[in-house]
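Shared between the two complexes below is chain A, which pairs with chain B and chain C, respectively.
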Partner chain A sequence: MTLLSVDRLTVAFRRYSGLIDRVDIDCLADLTLDVARGEMVALFGASGAGKSLFAHAVLGLLPPNAVVNGSIRFEGERLDASRIAHLRGRRIALVPQSLSHLDPLATVGRQIGWAAKRVGRKGFTREDAVAALNRFGLDELFLESYPHTLSGGMARRVMLAIASVGDPDLVIADEPTNGLDPVNAEKVFGFLRGFADDGKGVVVISHDLAAAVASADRVAVLRDGALVATEQAATFMRNGGEGLTPYARALWRALPQHEFRA
Partner chain B sequence: MLEARDISFRYGPRDPLVVQGFDLAIGPGEVVGLAGPSGRGKSTIGRLLARHLRPTAGAVTVNGAQPPARGFNPVQFLSQTPIFAANPRWTVGRIVGEAWTPDADTVHGLGVRPAWFDRFPHELSGGELQRITILRALAPGLRYLIADEITSMLDPLAQAEIWKALLGLVKQRAIGLLAISHDAHLLGRVADRVVTV
Partner chain C sequence: MTIWTRFVAIRFLRLALLLAGVAVVAFALAKLSPVDPVTAYLGPNIAKVGPEQRALIAARWGLDQPVTVQFLHWLSNLVSGDFGWSATYNAPVTAVIGSRVAASAALMGLAWLLSGVIGFSLGVIAATFQGGWCDRIIRVYAYVLASTPTFWIAILLLMGFSVALGWTPVCCAAPIGLLPGEATLLQRLHHLILPLVALSILGISQIALHTRAKMIDILESDFATYARAQGASRLDVALRHGARNAALPAITVLFASLGELFGGSILAEQVFAYPGLGSATIEAGVRGDVPLLLAIAMGTTLFVSVGNTIADILYVVADPRIDLASDAALREIGP
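For the complex of A and B:
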């Protein structure tokens, strides 16, 4: 069943040139993408391709001068400003990009508690918070930790724990492995895969093509604000990516573990 | 030869050592990879070699001597995020021109378009701007280049293009290069040998 359905989404930023003339600069054009329950879709693109804009558009976090066209539906219902405000952090969760999204003045335990309160979980106990951490390979001691004492890999797991507290239906992870070494990156991708295997929909925004292909079901390729290909992950693995669209194949072959050729 | 002899570093007198007794020697024209998990001090080692940081103990030398403190630094540092290494109020032409006036071959070899010179740093993409910071570093006085995850933000095509151009230029001019990366596949492609921390 389709969980998230994005149809011809266009995001432009409005600027004034002089007093009267308005210029709309298209940053995301005509993007159509569906995500089903149990499915993990990777959104791949270079920096500046519009990946984070997509996440911000779905979550209703775009700045006021953004002009949005097209439709975003969640379980068939249109996500307008009031609807997304209601679902955000509850049924749709974001795993943000960096440590700076954690409150530096509050312990991990308190922040997990806030997330539980936000989703209206009654009787959330210390044991529940420990269980949330355990799920991502962190022990009880982390409840008392402050964010600045966490490594990049641990912080990502804390943010995964916070996102999972409300048992969301859709998880959007924005570059969750930036700055992580391959061992930690693989673990984070594994946790996200676990969400999908539990029946949630997952969108992972990443510029690590090899990791995305290894764990996602489908890979959507963004280039300069346009979706140029949506490929089954399995297509990359067959015969050196023979069945891929030309741009996706060129990207795949340019990886250092393949031909490293531009 | 760019040499680090038994260097150690801590950020403050009470902080733990981030780098402890590290040795490295890079010869002219040699490409050395520096690998290892996050938090092992790879970037700090890079900054120590480029003398953006001074070691708490040990010494960094170029051809056996301390390079002069003023003028063009023969050991240039390239970072993962070029936007932080470019003056936002200067045009790209002025940014490159601060170091040298590049010849047409080098400009072309790096895939830099002369039209970019009139723009400001934020008007270029990450890949375009990274080519500009590489171009700036390639001034005649350059002997060693520290490349800290310079293509990890870029797509695989831009990554392959930039490394091809850069490797061609460093071999041709016998510039020593330290490539810092998490990506073992990438280091396997570009480095003559890999040091792991």
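For the complex of A and C:
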């Protein structure tokens, strides 16, 4: 059954041009995407293609001047402001982009505890927090760490642990491998794949096409805010991308490991 | 030498230089002022005193000597702990300041605390409900009061609550005819209310506006958005992330605003004839009581400078991002 179903999603920002005229600047146009349980879908696009807006639109976290059109359904139910407010953290979790998403003045342990409170977990103990960290390869010592002492890879694991606390059905990861070395990036993708193998839906927003293809089931390719194609990950691997749409194929073949044959 | 001993040593050196500078400037200003200490001392008795006697008094006080000699004489007395004799109160300067500080400490301390607590709370509330009616009321209150002179507020309060309504006393720190020491605690508090309100009102609006601006930045930050993505309510984000992160800058502003607090207390005490350090300052100025005035100037310098240093130190001590063992911690604020 489809877990998340996004139909013709358009996100625009309303700006004043001069004193009276208002212009809407489209940032995401007509995006249609389905995610099923147990499936990992990668949303790929170059920087500025509107990928991150997708995560904020689904979670209802866009700024007030954003104009959203189209529909987003979760388990067949339309996500409006009050519905999403109820699902955030509990059913849909976000793994954000960077270290700046952790509160600089609170330890990792406290922030995990807060996340547990926010999803309404009663009797969440220190052991539970340690278990959440252990699952992503961090030990107990990290409970006392402040965010500024974490590396990018550690921060990503902490945020994965925070996401896991609510046992969500859908995990949306926004550029989870930005700034990570290939070894750590592969591990993070592995953890996200783990969520999918546990029967959750996973959306990975990424501009690392090779990593996305390696672990996702499907890859949706964005260009300038519009969806170009949604491809099966396996198609990329077959015969140097034969059968892909031209843009996806050009991207795939332009990767260094494919000798830059753009 | 560790980084902290060096820090303390340099701060002390800077404080000493600052005090020396203030001493020179304050002394020069007192000398240049048109108020003649002898005339001020004599008051109405001036008619009974001839020029010879005046010269005698001046010579007795050392006023006939060169200015530099006078200055060095005063400075050496100061260093040995002798602040001189206050002609206005006919008592040693240290005794006058001592009794005045006690009266002012209650007023200024409470005003400082109130403006911190109330101002911070108002700022947090305004930012949490940004754009709502609550925010509007707090903002209008803060802007109007931040741009209103203290003495004017004090006079309005006096007219409203003491004269028209008769709820509060018109003046002083104790009922007329009683010494402050003889009044009961309740009576003293009763006399403290209006000066306290007048003095707090200003501080509240400053801290509130500052906290509000800081809070709004924080509520738009990545970690506030992330908290909302975890299912946090608006209040949860405001208290767990907003207030905690805004507290440190607010405390810093509070310590750095000690100078304004002292300036405000001079005006407020004058309007309410409250016998604190502020009204003593005005008395000393008007009556040409140079030793008292200079001592107060030096004391205030010390007070404000220490407040600023505390603000600077708090900034590094309370922030976990700054590693206290490293040089970078103190480079942040300078020695």
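Definition applied: the second predicted complex is superposed on the first by the 261 of 262 C-alpha atoms of A that agree within 3 Å, B and C clash if a C-alpha of one lies under 4 Å from a C-alpha of the other, contacts with A are read in each partner's own complex, and residues count from 1 in each chain.
The rule we apply is simple: contacts are C-beta pairs under 8 Å (C-beta built on N, C-alpha and C of every residue); 3 or more make two chains touch, one makes a residue touch a chain.
In this text the structure is predicted, and so the values were computed from the model without any measurement.
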Exercise for the section: Examine A:153 and indicate which partner it touches, taking first as chain B and second as chain C; both and neither are also allowed. Expected result: first
Practice task
In the overlay, answer first, second, both or neither for which of chain B and chain C A:69 touches.
Solution key: neither
Practice task
Determine, under the contact definition given at the top, whether A:125 touches first (chain B), second (chain C), both, or neither.
Solution key: neither
Exercise for the section: Once the structures are superposed on A, label A:103 by its partner contacts, choosing first (chain B), second (chain C), both or neither. Expected result: second
Problem - Partner chain(s) touched by A:179 [first = chain B, second = chain C, both, neither] - result: first
Practice task
Determine, under the contact definition given at the top, whether A:162 touches first (chain B), second (chain C), both, or neither.
Solution key: second
Fill in the blank from the handout: Within the complex, chain A is touched by chain B residues 36-39, 125-127, 153-161, 163-164, 182-186, 188-189
Exercise for the section: In the complex, go through chain A and note every residue touching chain C. Expected result: 56, 59, 61, 85, 88-90, 93-94, 96-98, 100-106, 114-115, 118-119, 146, 148, 159, 162, 166
Handout entry: Touching residues on chain A, where the partner in the complex is chain B
Key = 45-48, 151-153, 179-184, 207, 209, 250-252, 254-257, 260-262
Completion exercise
Per the touch rule above, chain C residues touching chain A in the complex are 221-223, 225-232, 236, 240-241, 244-245, 248, 319-321
